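Each of the two complexes below includes chain A, the first together with chain B, the second together with chain C.
Here is the complex of A and B:
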């Protein structure tokens, strides 16, 4: 039955990512049983929380055919601003708000230029990447700034609650919130509509530009949350965090989750699958002591192969 | 008796449970222009695809000049002289006319370079032979659409095509260009080429064809000389008797120029620099005003301004007596205006989203409960609209992409009906829509009119204009040149006015 092989492929293609994950999990579990220990599994989620929060925010942007390359420096700047605020004696909640507002402002700026001035998102956010990194270095300098005496802040990244890291709770909360937004609110439908056909969405009376601005703002705030989690997790803030490659991991997660870079269909829930997939690969290779150079090459190959598999759907 | 140039016998094509074509006989003589008509899904495109070799039939045979040919092989059909001109251009727009005509077969000179002189001479010779005159060096993308069609025809003739299949060749042409294209077809006919002319436009069938083949439900149901059939009978054959009766009845419903007399939309001296100027007209509640004119007369641009999608430079508008200045489509919608754009794929539908999502797209607040979409209200709205519009199959979760042109157009109209529009603007509402769906769309428009809506239809299709309009407005080059009660102007005067003959 040669004819049934492609037919089987077509049936399995939509599930390519979960299947590939299963294969990799089994492979890792067989070579290193410690992989499946609950502590390690929780560790994986904790490791991906930062990328995950950013990927959730990025999904809507990519669904509209856009992209945000500026998430790395936003992560750095928000951590620096939050820490400097704390050091200046600003109360914790307000310091967090200050950190988050970095993401909000950068996101709104990105959104304004992309939606209002109709410039290509890849160039706009690339320019923004440079400007925000520069601003972060201007404010924070090249040094690491240790977080001392702010126990409550440090707990965000390193504390536990109900037996799970607080960062995992945060990741879950952001995810659930955005899944609900996508599934239950008009915004979710509008994002899909803009991705499918922006002209038609506008001619249907929707404020497409304002919506796109809001989506970039959401993405920026996601990166800022990630920055606060990151700095509190490693007990330092630095203008050089979120180094080159951060945004690529985020984008790869979204795209592995089945969202097309051309815009259109996409799903927050599936983005989480993409995030976990990358996290499992990283973790498994660490456990197996694969050298970092080989890790990077292997990761690239796995991303390319998984994408090729999911393209079979078409 | 001469042998037919091409003759199909007992052609059939079955896709799984669906019979797309059953036992079809089809033949065209040299020098014959044969019209091929039928609703969407009647089997025309399957038949054409068999003749071009794109589809292999499950039964039947095809002979060309009496010789049987191998089926399901496009290159074999091209070699035997069968060519197809599609609705959308297959030319390379950035290349010259002569390069397009001889694409991939340009004469080669020394060092493998293209021999431009010979190429130009060959192109000129070919044009002279078929009575066409286009500059061989012109860039195709800069030519008017009708000339581009001629280049496509030339390209087919350069391959020594003896059978030309033309699928909706006039979809984007103005009335004058249609006449020009028909002249070209008559010249070809005189030189013995057999032409199959597929069109929804019955006017064109009667104007250019010698014979007509009618298809319905995958079968050839009638063949006759064009002189032997009347238009009403042809429509009846195409859509079946019941639909034809409904359509005829609808057309004879009394016109209502001026509607209820209430001025719903008043446009005064509306201008947009370099586009249109000094446009003034009234649209009444309870009437259908058709705005016609040549392609390029800026009707669509005017509609976009009225709907708030573009801004005017001067002039004013009032809706139900209130002065308005819409800065966005959303603002126009808030005033009760709906707009069905001309290009349903580019501007109208979200093709990848379900029919339901498309139907509620412009009335999302109505199907929300606080900040959430109310799934039950969404489903109820979709179900009601699908029933009102008679969309078949009523498969609300299917992506819009998978519906026929007629159904897609109904979805677009339907999404505005949910708004309960005070003013409904439709730009070319039935382009690429079959006769049956056309009649249904006209029925929907009349029902809206009778319910008191003011309807503004932009149309280049005179058949449509004279069928559906209560009043007719004509635009020429960005100016409005006249508004008439539909019964007070005959077709020939209308054509003169559209052409700018004052």
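Here is the complex of A and C:
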């Protein structure tokens, strides 16, 4: 009996996150029945859509052993650029393209410095965080810019389609697309190969540098999409959005989903699990009126404990 | 020797930058501006010294900003709510900060969490703790009460060496803040610790190759724990100096300071791959950052452009570190080739 306890633990450990989620959902549902109402559940997905879209883009980068700290300011800059284009009379699709291209350019730049010049990603993207934030403030200033008279743009963040918010549809679409990329395309395999052993992948004739550039670009575009969703959701664009801490939430979601910061293992589908986990904790604690200080402490403890659990398995 | 020449290159770059701003920026080469530089960046230098320890161990400490807030709030509470004497408050705050750092080390060593994630989690947790013990919210009306204890405010003292030496009639020397001397003491102590003690050698070994260090009989867990505790201690010290300067503490104290500390350490030549670096470099790195930021402000360049330039400098610094590293390896390969031929 005693010997079987560690065995049971080892068998359950890979499912620690879903199990923990189940426990937390039951706890919240018992203490506050309103938690399980469909409106609240949809609300949770809507709340996590922005972090979720960024986390999906970040997963591949982390799987290669990299990291992208610059997503917060990219989110801000893409919203500002999209709004300024709209105000300048640029048609909606082109404005969105302008916003997204911010993410593409920053991502390619990150990828180039990391892959070509082989500098540490944590410092490169930290520097990029500072540079993009500076650029955003230079263009947009520290003020909030209200979005007026652009109903179609505002609908992206606050409209409904088939009974669900459009931002939720977007989140789902990005997720499905990236899951398919990971499962069905050579890129998915190559990402895992680079994370496992980059040198081996390069010596096998794979274009690892180009791939890494593409992955940082995907991550940047993900942040830019998130920026457009956020600015249209709150009807304002500002250079100060995506403040310090945004990227940490995104990274925490990815890592909670079982992607190792050392690279190699990881899956987009499990990242979604991590995103929902954090979302449920935030939402449940808000519903139960837990004060913000306890929320922060609880979040830190929960992240540390669940990661320690998954480490215990190994 | 390469490490020393790198430190020398950094010093040369610092001096060149300094001279450039003396010439180019109005009011840069004045006594009061030097006071600003010394009092405004001594605590950044202390944070950078602390940050060097986790980085030397191939780790990182993202929680230093939150520890600064925690230690600051402890001083605030003990002084204004519990009315403890200052000589008692300061060691308590330092011990608390050191324990907070040791907890980071414990998470890394015992729970085997990656340092980035462990200190990310404690960043959130410590900041939350600051809000829950905040005397500004627990006791209404305290938020406008300044800290007046001479033990604490006394840390914000300036020494007028000009009149002390009797030369103030001819030149205006800057008044040197006490925090600058405290920084120098910390620098000397940790430089000695790293360079001349068994602990320092163990630390470099663990950072350079943890597995080899373990096999050589070094208690890697204890060394790692101590490294993170040092980072916490330095954060506590920086917090005390900041509180002395502001005569109060806020919940947001230290926000984003981990960025400056990491940047200064990396610019100062502490390698992110562990085991290479000193604590002198980070101090020069901190004052280099300070010189550039203050210099650009005096040149009238917008704060936003400064952010862009800070990022660019950081990339340039790691790029330079990378070039040195490549050169070091190439020389090693060349030496090995020569030896086998001979």
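The definition used in the following text is that the second predicted complex is superposed on the first by the 314 of 314 C-alpha atoms of A that agree within 3 Å, B and C clash if a C-alpha of one lies under 4 Å from a C-alpha of the other, contacts with A are read in each partner's own complex, and residues count from 1 in each chain.
Assume a contact is a pair of C-beta atoms (placed from the backbone, for glycine too) under 8 Å apart; a residue touches a chain by one contact, two chains touch by 3 or more.
Note that the structure is a prediction, hence the values are computed from the model and not measured.
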Using the superposition on chain A, decide if chain B and chain C clash or fit.
fit
In the superposed arrangement, which partner chain does A:169 touch: chain B (first), chain C (second), both, or neither?
neither
State whether A:150 touches chain B only (first), chain C only (second), both chains, or neither.
neither
Chain B versus chain C as contact partner of A:131, first or second or both or neither:
second
Applying the document's definition of touch, where does A:235 land relative to chain B and chain C: first, second, both, or neither?
neither
Just to be sure I read the superposition right, which of the two partners does A:120 touch: chain B = first, chain C = second, or both, or neither?
second
So which one touches more of the residues on chain A, chain B or chain C?
C
Applying the document's definition of touch, where does A:193 land relative to chain B and chain C: first, second, both, or neither?
first
Just checking: does A:201 make contact with chain B only, chain C only, both, or neither of them? Give me first, second, both or neither.
first
Regarding the shared-chain residue A:293, is it in contact with chain B (first), chain C (second), both, or neither?
second
What does the superposition give for the shortest Cα distance from chain B to chain C, in Å?
5
Which residues of chain C touch chain A in their complex?
60, 107, 111-114, 116-118, 120-132, 134, 255-256, 259, 262-263, 266, 272-273, 302-312, 314-315, 318-319, 322
Touch list for chain A against partner chain C, complex:
67, 113, 117-120, 122-124, 126-131, 133-135, 137-138, 244, 248, 251-252, 255, 261-262, 291-301, 303-304, 307-308, 311
Contact footprint of chain B on chain A as seen in their complex
184-186, 188-190, 192-193, 196-197, 199-207, 264-265
Contact residues on chain B for chain A in the complex?
307, 309, 328-330, 332-333, 339, 341, 346-353, 357, 361-362, 364-365, 368, 371-373, 415
